[in-house]
Every structure is written in structure tokens, then in C-alpha cells.
């Protein structure tokens, strides 16, 4: 009984908060709206904590029936297991902090009601996604977060670019969602149910080829939501939204939903090695892609966005390497340090009067010390400097990949290592460019203090997140113990020596990246600043433009779609279908007119026609007689 | 009399067709058209009288009689119209009476 | 002539006497009282016929008060009464004076009353020709318009040729069968060729009266030239009379296989050509004329079935068509003043400036298009029902498609009445007599459309 | 069950009487308005009344199974035509929907300037005809209402329309008329066949279902029904009347067209065409699949190219109707219940969108997308509702359309996976034009006129009403779906 | 003998008619027509219908044709240019139609099987009168009404405004 209450409340708080803000928000005083929104999320967080404390075993809670049509019965049922539990705690915590942060970040915006309403509804949808036991309900959350993301990216809608970015995100993710829906319909056809637990239990009944196809459908769904290659183009643009939104939706929570979905359906998918390989390849390629792109970005938030793409790639790689625990571990830690980085970036942006070009920054370590240190902690995690949370989580994924063996996975491992090196490089490129150097003028805004204070818990969690799941040689991981019950959740069976060697390699690479960044952007800062004035080299442009995927899609899909829409309408709908009918009408009309002209007004013509008719009839009768 | 009925009918048909031809050929001359109609009606009368004689009953002759009356009524009305229209339009050319068409 | 005979044939006597009375006393009476006399006589004839039980035997030689007459006489009387009511105002506005007009209408009615009572072909023929004859006069009665006389002459010329054909047909049938009496004139197998030749010529003559293609060409000219109330009367009663004649003949002669193809051709051509030619007409009376061609095509379709259902459909449709066209032409005539209002564009916005007449015209158009819940739908339903039952599937499909196309030109009038921004000058208010006539016609359209049961029963009885 | 009060007849005649009274009062616009609203409300109450009665009652003699309300009166005995009305779950939902949409339409036409009394009177007459159609169990009666609907609609578009109203209304009329006349022939043919087989000539639908139709002939007859319904639906490529008619009709006219008239076609397919010709319908099902899927995608694509909001919504509407067709084509319980649900949802959502476009049109006097922008900043409440209805139309879960589209697709996937895949593709295309609409209207720089009036109380009440239904059906469609269950079991097990 | 007379009369009838319809002037046509109507009247007589024969002469040749002459004179249509003549092209359709109609009718009428022996019965005037007044009395009434209204119509149209 207890978990049901907690879970219901966990969902109800943000939902009610969101609806209240949406419906009455504009009439309520600002403070009330803000505290309502924050209170709702923290309430939700408290419920999550209480659930965690009372957690004993996986449970399915059915709250109500959503709809039922003959054998298609869709309940509103929630599933509490270590995976969903850990995620909901994380969501409650991170989102709570970000809400708090938002109160100050959005201080000057008039449209607070819409903002907080959407934020709260987002939390509701995200929790629904995570906790859902039936796939349609999961889809509700899945689309719900997409919808909130759409509106939040375009929050400052007066600028068309922002709205465009939102639209792009919505449509791109909808492509993935469609794959999800197809999988859903197919699953119902195969199994006659859409319950996650039942499906996972029955997956083995189907031939592997079917499971492969289903796995790939889920992968496509995840690609859309988690911005994996080739559906990643929306995420960098999504940075058009307010920074807390980027932190919450496009770094910590929503974008990892794809990974979560794959992890959720892992017991079923894992029966197909092909599907797993596809997931792993997607992940590794995306990780590499994101990292390379992040190298050349000038916009603070875009660097972080590409790094998010890259990091989620790691998580996918982890799932593909049968290391759900490692993937989840990285997911959680990533949520902390990426939220930290974004919120830090938010502080910087707020302090810099909404300047986001890192080449126009510098010397902020003195003017914004608190931000500097937290940001540094975040960057260290991102770069995977030894003994930070990021180090452990990323390493456990890489280790699982190596351990899985085979040429494919080993090459993926190498790609992962290369990516780690690049990651360290661009992380510290960012740090050196933003905080290094001298001239650090900032614009003091109110609330910056609280905003910076929010960074501290996140920094701590990021740095020491490793304790969540320490490698075997340091004692058993918390998550591993928790996840051992679920398939793919067990620890990787590697010897401690192997672990140590591999971590040493990774640590060395991270440090090498740090060193390279120092050489290029720490010492050679002035030179780089000058270089930034001149037009970029082709390679830099290639990377900066995300390998020109946007342009490619524009040529391949968007422009043909627009052009064909016009052609279909003007040529096909109006031109062929409608005009042919109008033409038919006109033709009949003119035939009629011509028939009417038979009536010439001259009685002689009438008489001839009459007589001719008579002659014809008589001829026919005579012919009958003959 | 030993003329086969069919011969009478053929004569009547020929006459009827001639009347029809007259009506059609004299397309514009209303007087000749009326004459053609008279010829056609006389052919009908011939048929009736022939049929009547063939069956030995008077009904056909009676029909002929009534046709005569009918014709005279029609002709008188038609001629009255011709006079009336001639007064209005100064012509009896029916091809000129084409103010309504289409 | 005994009293019983008189009793049976009272409608004929009433109308004939009324015609003569009007003619004789016309110069002494006001035109309104002439109309009143005419309407009263028509109504009396109709009511008398409607409530008198049909006599099984001939009342006097050549005439019998048949069940068919019991249906048709009230129908014709209704049409004549409405025509007189409509003409009253129309003639006053157009300065058409004189007793000739009501007298001729009554004469036409007299002939129409005789027609369904006839028991031999001579009477039948004479009645039919008298009807036509009355219309020759009525059509050319408008001395103000040259078109009227012109239409009259055209009608007369065509009519006389057609009468010659009809008479020739009767002559051949008589020669083949040896009798003029309908009940005895069964086709003799050995004379089949002559009789079928007779039927061939006769059908063409009837095609003229019904204005079936290719004998339809006079219709638009005559409708346009005739005064509108006359066109109303002409387009309804004379057609129904001709249809009734065919019905009587076909009912007494066994259906002849030879006739199916010509009749089918006439029917299809009329349905298609009539509806197509009406599409682009700019003159509403010509448009209605072509529509009339098409509707007679439907009638021929039902006749073609040769079944009781088909004949019932013919009668029902005749009755319904009478109501519809009376309403349509009635509205047109009551909207015509010094000038005949006959261009479709003359009716712009009339639906709002003259709501009653506009509404009646719109209702008539909707009914002609065959849209429920109007009588036109019931009629069309019955026609196509009988056609399908008779196995005329292809014809039915052609007919129904042409009927679909016909909706265009009917709706064009409705659109003109209601759906154009500009408005034609508002007409003067409607007179009592015309209003009464229009209301009666539209009430019939609506009532038959919603509750056709009684009429259907009457039709069934008429065929018994 | 026959109750003492003839609810079914009342449902039909109440609006007709209302129409007459409103027509009589047309000189005073405000009286006409309130009277019309009163009649609309009364009809709604009456429509909901059957919810309160026992719908599981035991079958009575002479009443076809599944119908909990039934009325049967003689009408035209010559042809065995009877005035037979019956209500089962499906008709009940449709009747309530009709009553609801009519109320919305009446309120939405509160500000019609010209000849308002006549306008409202026609609306009520239309409602009467639609109700009759949903209730009739006699094919002749069905056909009568099917055609009679056209007349008020003809006038609504033609007299109060904008753009090229006469062209549009005549096009609409002719299109539907051609189809329905062929259907009339098919009905008669079926009637004759049944009569010849059993000796009892009747148009009663339950009886006609037992007619044995030869396969070949069945194809033709079903084809005629299908053509007629497909035109009204409309299905690709018989749709070209629809954008014109929707565009040029006044707000309430579009609402009635989109929300109700298109449903009558779907209802006809479910109630009449499919059950009457099981074999023929199976044979032609691939065709229906193709046109439905083609329609969903093609119309969504064409909608994207539109500049005129109403035209865009018109294409959107017909694209969504594709799901209904798809569900019916699959003819499995799940799919058909989804189709029925989609009918309800489509009526509400599309109707709401048309109402909103009407409001925007009223304010900005334009429907061109380029004349709008930044509406969110100007009229947030209006924008809020606009967004909700658009998202519902795009199939965002939690709102109504999602539920029905999911049910349809799941149902169809079981039977025809390829068709379902096509429809899934369509759902992406749907989102593309929807967000375009939302973006160009709500977002971006504020365009002229900069000041728009915010939603008035009257408009607000309509929007709230619709939004509540949208959300309610999105989260708890159970009661409606339950109503479909029993009748569908009867229909599909035949 | 009678048969020979009949065929001669038929020849006169047809030739007279042919001349009438091809005459260049209306007056001549009428004269030709009168000749052929006399032949027709004789044929009626031969076919045992003396009364019809008499009426033919009186009404047709006597009254109707004279009426035509009156009208022609009244409208001064004597001069050739007043009345349009058929052009050569007008004759072709007429001729074609005549040939077709005659051909078809001939086929139909000659295929008549002679079930009744050839020969005609004379119908006495008494029988004619009996039939007229016993059986077709109504017809007389109708025709008289029709004649009356022909008069009415003619008078109405003859009115000068």
C-alpha cells in the first residue's frame, strides 16, 4: 500500500503544480507560483526518497484503467524496480535543484507562469516515463517530455530561431517516437499485452529475428529522444531554450530517456546480439561524433550540448555491451555533472549579459570563484580525470565493452578511448578559455549567489558519484548490488588487475587530454584568441557545423519535403484531381450547350429531327420483321 | 373490289410520306407546310377508309370524318396565326421566326 | 342520356358547360368573376370526381368513369384551378383581357376530363387533340409579345404533324385489329407487323406530346414563348394527359417486345439530353423545358417496364410533377410584371426580397432535383424502383447519373435566389389568388414528400 | 425496450420544431439566439437521458437485439417502409456527440451578422436530420435523412459563406449527390433482392442483413455504398469538394461539416455497408486500406503546403478521417472501436480547431498564416487553447486523439501491418504541419494588428467545454469505449 | 374492273400530290391538290364510303382549299419572291426521309399475312349513321367544341389592338 501512495503522490505533486500554474498562474502572485512549483518537485523528491527507503522488491502498482477496448487493455500501472527507483530519485533531486535555480535565473522574465507550469509538467512526464509499467503510459511520458521540451526550447518564442529549434526537436524526436509506436503495435500483436514486465518475461518466446527488429525499433526511438546519430541534429539547436531548461531536459533527464528505454526493455532485446551490436555501434559512433563536434564549438552551451550527445553515446555503448548497470551508473553521474556544467554555464551567461561565445570570455575564475570551482569539478568529471565520478562510470562502460570481446567490440573500445581523450581535451579547452586569462568583467545580477550555491551539491555528487558503484577492487558497488536482480545488471566479471590496468590507461588518457588543452589554450591562449578572429579552417568549420549534418538533411529531406508539398497541392490536388473534375464539369456543360443549340429556333429543324426519329423507329421495326 | 388491303396501305403510306416530304422540304413556307400536313391527314383517312372497308365496320369512316373536322379546325387556327404573325412580322417565312433558341 | 350517366360524367359536363358559359357571358362579367367561375367549376369537377365511386361499365357509349379517371380528373382540375388562379394576377398585369383565356383553359380541362374516361381510340384521339388544340390557342394568347404567337405557330405546326402521325398510328392499328374499342382491340398475331408499324408511328406522336428526344425541340421555345401560367399548365397536365393515353393503350394491349427498344432509346436520350442541355441555360423557362424533357424521360423509363409498378410510378410521378412544375412556373409567373422575368439572373436575391415566392421556387427546384423530404424524391424513388424491378438496370444507372447532373441547374436557381450579394429590384407583394395557388402547390410537394401513403393508395386504386 | 416517452422521435423532431420556432422568431436576433440555444440544450439533455436507463434490459419481441431503445411505426406501407428508430451504444454516442457539437455551433454563431434567425434555424434543422440518420434502422429512412442533411448545409455554405460560396456549395452538393443517388439504386436493388428471396418487402436494416447477395452483385452494391460514403468521408481522391466547402463555409457550417457530416459516412459504413455485404466488403478492403493510408499521408503532406489556416485544417481533418477509414477497413473489434472513438475525438478536436480559427478570423479578419505571428503574447488564453487542440490533433498522449489513434493502429497492425506502418508514417507528417501551424500563429514576432481581443466569456465557455472533453477523453475514455462494446460484438460476429 | 379504276385513281392521286408538293407556286399546288383530292374521293367511293367521299369533296376540295386560297390572296403572297422556295439542298433530307419511311412502311405492311380474304364490304349509310350517333355521339360533341374554340382562337388572334 505504501509504495502506491508514494508513487501516486510523486506523480501527482508536479502534475497538480503544473496544472495550477498553467491554469491560474497568471493570476497568482509570482512568489506563490515559484514556491508552488519548487515545492511540488521537492515534494516529489521526498516521495521518491521515502519510496527508496521503504523499497524491498520490485513491485507493480496498478492505479487505474486508462482505456480498454476488447483485448487491448491499457492500465495506468507503475513499476518500481532499482532502475526506475534510482532514476526517479535522481530526477527528483536534480529537477528540484534546477527549479530552485530557475527561480533566480528567470527573475526578470514576465512569463514565469508558463515557465514553471511547463517545468512541473515536464517533471511529471519524466517521472511517468520512468515509472510506467505499461508501454502506452511510458509513451505518454515519452511524448509529454517531448512536448514540454518543444515549448521550453521555444520559450522565448518571439525570436523565430528559438521556435524553429523547438519545432526541429519535436519533429526529429517524433520520428523516433513513431518507431516506438510501431514497436508497441507489433508487441501487442505478438504478445497480446503491453505490460513491460510481462513483455520482458515473454521475450524469449519469439524468434531472434523478430526480437532484432523490435530492438532496432526501440533503438530508433532512443536515437530520436537521446539525440543519437543520425537523429542528433536537434540537440545542439535545443540550446536556444533557457539554460536551466537545457540543464534539466537536454542534459540530465529527458535525453537519457532513450538509454532508459533500452535498459528497460533490455531483457527482451538482449536476446538478439545483432540488436545489441547495433546499439553499441550507434553509441560509440555518436560518442565520437559528439566529442569531435564539441572540439570546435564557440558557443558555451553548444560545447556542452555536443558533449551531452557524446556522453549519451557512451551510455548506449554500455547498454550495447550488456552493461546496464554501467550505463545507468554513467547516466546518474552524468546527470549530476552535466546539470552542474549547464547551471554553471547559466551563471556565467547571466553574469556575462547573455554572452555565450567562449572566445569573448576569460578570467572568470577570479570574478566568479564559486562558479569556477564547481565548473572545474564538472569538467573534471566530464573529462574523466581519475577518481571523479565520471571516471568510474565511463570506465566501467569501457571495461564492459572490452570485456565483451570480439573484433567489433574491441574496435568500439578503442574508439571509446579515443573519444575519452578528445573529451578531456575539449572539457579543459572550455575551462581554460572561460576562466583563464585576465580580463574578467562580469555583470552582477541578483540571485547569482543562490544560483551558485545550487552548484555545490551537484559538484559534490559529481565528484564523489563514484561511490555509487565503486569498481570491484575497491569494494562492491552499490548499484551493482541493487541491480543484480535484473538481467544485464550484474557486475562485469573481470579480474581486479584487468580493472586497474584499464583504469590506468583511461586515467592517463584523460590527463593527456588535460595537458594538451593546457598547452593549446592555457599557455597559448592569446594566440588562440587572435586566431578566433580570422575565418575558421575547413576542418574546424566541418566540426563546428556538426559534420554538416544539418545541411545534408536540409538537402535530403527538408527541402524536398517542402517542394513536394507544394507540388502535391498545386499540381496534384488542384492540378490533376480538382481540375480534371472541373474540366469534366465544364465538358459536360459545353456538351449540354451544344445539345441545346440543336434547338435552333427554326421549326424546320424540329420537324426534320422529328421525322428522322420516326424514320429510325420505323426502320428498326422493319428490321425486326425482316 | 379485289384490291388487296396492302396496296391501299402502300398508296396511303406513299401519300403520307409525300406529305411529310412536303413539310420538310418547304421548310420555310408555312403555307406549303400546312398543305403537306393536309396531304398526310388525307393519307390517314385513306388508311381508315381502307381498314373500314376491310373489316366491314363503319368506325374507320367515322374516324375519317372526325379527322376532317379536326383538320379544318386546325387549318383555320393555323391560318389565323399566319395572318396574325404576318401582320406583326411582315413575313410567313418560318426560318425568320427564330427569336427563341438555344 | 339518363340521370345516372350524367351523374357519372358530371365533371365533363361541368367543365364543358363552364367553358361555354364563360364564353357566352364573358363580355358581361368582370375578369375576377370569370376566374372565380373557372376555379369553382374546376374545383367542383375535381371534388366530384374524387368522391364518386368509379362505375364499372360505360356510362354512355365511348365514355366510362374509370378508376384512372377518378385519379386523373381531380389532378387535372387541380392544375387547371391553380392555373386560373395564377393567371388572374398575371393577366391583369400584362393587360390580357377577355373571356377567351379562362374559357380555353376550361376547354382544355374538359378535354382532359374526357381523356381518361374514353373507352375507344377515337374519343381518346379527339380528347388528346382537343387538349393540344386548346394549348395552341393558350400559348399564343399573349398579344404583347411576338414570341407568344411565334411559339403558338411552331407548336401548332409541330403538333399538326404529330397529330398526323398519331392518327396514322391509330389508323394502322385499326386496320390491323379491326376495332377502335380499347377493350377489344387486342393485337392479332397475323397482323402484328401492321400493328407494330402503327405503334411505331403512334409512339413518335406521343413522344411529341411528352417532348421526348428527338421530338422535344419545340419544348423550350414554346415554354419560353407561352405566358408563364400557360407554361405551368402545359408542362404538367398536357404531359400527364399524354402519359395517361399511353398508359391506357399499353394497359389494354399486351406489351409488345418490338416497342421496348424504341421506348428505351427515347427514354435514355431524353434523360441524358434533357439534363445536359439544361445545364447552361440562362433562361429559366427554357431550363425548365429541358428539365421537363428529362423528367418525361424518367416517365418513359417507368412506362417501359410494362409492369403495374411502372404504371403506378408513371401516375405518381405525373401527379408529383404537376405539383412541382405548377409551383415553379407559378412562382415565375407571380414574379413577372410588365416584363416576363425569365433570365435566371433576374432572380438574384429574390429569396429574401420576396420570401414566399422565392421559397416556393426554391422548394420546387429542390423537389425537381429529387432531394428528400420533397415529393420529387418520392417520385424519383418510385420510378427507379420500378425500373430496377423491371430489370432495366443500365437505364436506371444512366438515369440516376443524369439526375445527379441535373441537381446542378436546379441548385443554380436556388443559389441565385439566396446566395448572391446583389439583389434584383424587389417585386411587388404577391396577390391573394397567386399566393393561394403557390401555397397549395408547395403544400402538396411537402406533404407528398413526407407522407406519400394516401397518394400511393390512390394510384394503386386507379390502376385496378 | 420501448419506453413511454418516445425519446427517439423526440430527438429528431425537437430540433425540427426548434428550427420552425426559431424561424418564426427570426426578426429578433437575440430571441432567436436564446431560443436556439435552449433547444440545443434541451436536445443535449434528451440525448444524455438514455445514459440513465438500463441498457442491458432483456430483449423484447420484435426488437432487434442490442437496441435498448426502439420505435417502429408504419409509414409508407406500399413499399414496406417503416419509421423505425433504434438506439444502441454506437448511436447513443453519436447522438450525444451531435447534440454537443450543435450547442458549440450555436454558441459559435452567436455573432453572425446577417439573418441570424434563419442561420440558427438551419443549424437546428441540420441537427434534426443528423440525429435521424444516426437513429434510423430503416434504410429508406436513413437515405432520406442522408439526403435531407444536404439542404440546410447547402444554404449554410451558400448564404453565409465567404470566398466562393456558391461554387463551393454546389460542388459539395453535386459530389455527395452523385454518390448518394447510386447508393439509392443499391438500396432498392437490395430491397428487391430481399423481397424476392423472402417474400417480405422491407427496408428494415436487421432484416436486410439476412439477404443472400451473390458475390459479383454484392461487389457492385457495396461499391455503390462505399462510393457514397467515401465521398462524404471524404476519402482520397474523392475529396476535392471538401477543402473548398470547409474553407468557404461559415464557422458553424464548417463545424457541422467536419464534426458531424463526415461522421455520418463513417457511421454508414459501420452500421450499414460492412454488415450488409460481408463478402464484398472483405474483397474491397485492400482498396479501402490503400485510400485510407494514402489519404492520411497525402493530406497531411498537402496540409503542410497551405497558407490558409482553414484550408490547412480542412486537409488535416480529412487526413485524420483516414484513421477512421483504416479502423473500419480492418473490421476487427479493436480497430472498429478505435475508429468509433476516433470519430468522436475527431469531431471534438477538429471542431474545436475550426471554432478557434473562426475566432482568429473574426479578430484579425484574415486566415492567412503570414498575417499571424506572436499571438501567444497578445492573447495568451486563446493561444493556450489553440495549442491544446493542436496538440490533441497531433496525437500527443493524454489528449483524446492519441487514444483512438493508438487503438486503431494496434487493431489494424494485427490485421494489416503494412497499412498500419503507412499510417504511422502519417503521424509524423501530421506533427510537421501541426507545429508549423502552431509556430506561425502563436510564435514569432507579433504581427499586425498588435491588439487582439482576448477570449470573451461566451467564447471561453465553448473552449473550456471542448478542452475539458478533449482532456477527459484523453485520460478516461473508458465509459465511451464501453458503450461501443456490446453493439460491436453484435455487428462483428454476424 | 374496279381494281383497274382503283389503280388509275391511285396513280392520279400520287401524281397529283407529287405535282402539288413540287409546284413552284402555292396556288398551283392547291389546284393540283384539289385534283388529287377528287381522285381520293373517288377511291373512298370505291371503298364503300360514299359519305366520306362526299365530305372529302365538300370540305377539303371545297372549303379548306378555298380557305388556303383566301389566305394566300389576303396576304398578297402571289408574287414568287414573297414565298421562299426550297433550295436544292432542302430536297435531299426530305427525299431521304421519304424513301426511308416508305421503305420501312412497305416492309412492315407487305409482310402482313393475309388471314382475311381480300375483298371489301360495302358499309351502308344507315350503318354509318347508326355508328355515328349510337357509338360516337360524344365524339361529335368534342369535335364541335373544338371547332368552336378554333373559331374563338381565330377571332382572338384576329383582334386588332
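Labels A, B, C, D and E are assigned to the chains in the order they are written; within every chain, residues are numbered from 1.
Assume a contact is a pair of C-beta atoms (placed from the backbone, for glycine too) under 8 Å apart; a residue touches a chain by one contact, two chains touch by 3 or more.
All of these numbers come straight from a predicted model, not from anything done at the bench.
Separation of subunit D from subunit E in touch steps, taking the shortest path, is 2.
Common neighbours of subunit C and subunit D, by the contact definition above: A. Touching subunit A and subunit E together: B, C. Look at the CA centroids: the one farthest from the centroid of subunit B belongs to A. Centroid distances from subunit C, each centroid being the mean of CA atoms, peak for A.
Taking the mean of all protein Cα atoms as the centre, the chain whose own Cα mean lies nearest is D.
A count of contacting C-beta pairs for A-B and for B-C identifies B-C as the more extensively joined pair.
One finds 6 Å separating the Cα centroids of subunit B and subunit E. The geometric centre of subunit C is 31 Å away from that of subunit E, both derived from CA atoms. With centres defined as mean CA coordinates, subunit C is found 78 Å away from subunit A. Computed centre separation for the pair subunit A/subunit D is 38 angstrom, with centres defined by C-alpha atoms. Listed for subunit B are residues 5, 9, 16, 19-20, 23-24, 27-28, 33-34, 50, 52, 54-55, 57, 59, 62, 66, 70, 73-74, 77, 81-82, 84, 94-95, 97, 99-102, each touching two or more other chains. Listed for subunit D are no residues, as none touches two or more other chains.
Counting partner chains per residue, subunit E has residues 93, 97, 101, 104-105, 108-109, 111-112, 135-136, 139, 143, 146, 149-150, 153, 157 touching two or more of them.
Inter-chain contacts occur between A-B, A-C, A-D, A-E, B-C, B-E, C-D, C-E. Residues 75-79, 115, 140, 143-144, 147-148, 150-151, 154-155, 158-159, 161, 165-166, 169-170, 173-174, 177-178, 181-182, 184-185, 188-189, 191-192 of subunit D are the ones that touch subunit C when the two sit in their complex. Within the complex formed with subunit E, the residues of subunit C that make contact are 16, 19, 23, 60-63, 98, 100, 103-104, 107, 110-111, 114, 120, 122-123, 126-127, 129-130, 133-134, 136-137, 140-141, 143, 149, 176, 188, 190-191, 193-194, 196-197, 200. Those residues of subunit A that touch subunit C in the complex are listed here as 585, 588-593, 595-596, 598-599, 601, 603, 605-607, 609-614, 617-618, 620-621, 624-625. Across the complex, subunit E meets subunit C through its residues 104-105, 108-109, 111-113, 115, 134-139, 141-143, 145-146, 148-150, 152-153, 155-157, 159, 161.
Of all residues in subunit E, only 2-3, 6-7, 10, 13-14, 17-18, 20-21, 26, 29-30, 33, 37, 40, 43-44, 46-49, 51-52, 55-56, 59-60, 63-64, 67-68, 71-72, 74-75, 77, 82-86, 90-91, 93-95, 97-98, 101-102, 105-106, 109-110, 112, 114, 116, 118-123, 127-128, 130-132, 135-136, 139, 143, 146-147, 149-151, 153-154, 157-158 touch subunit B in the complex they form.
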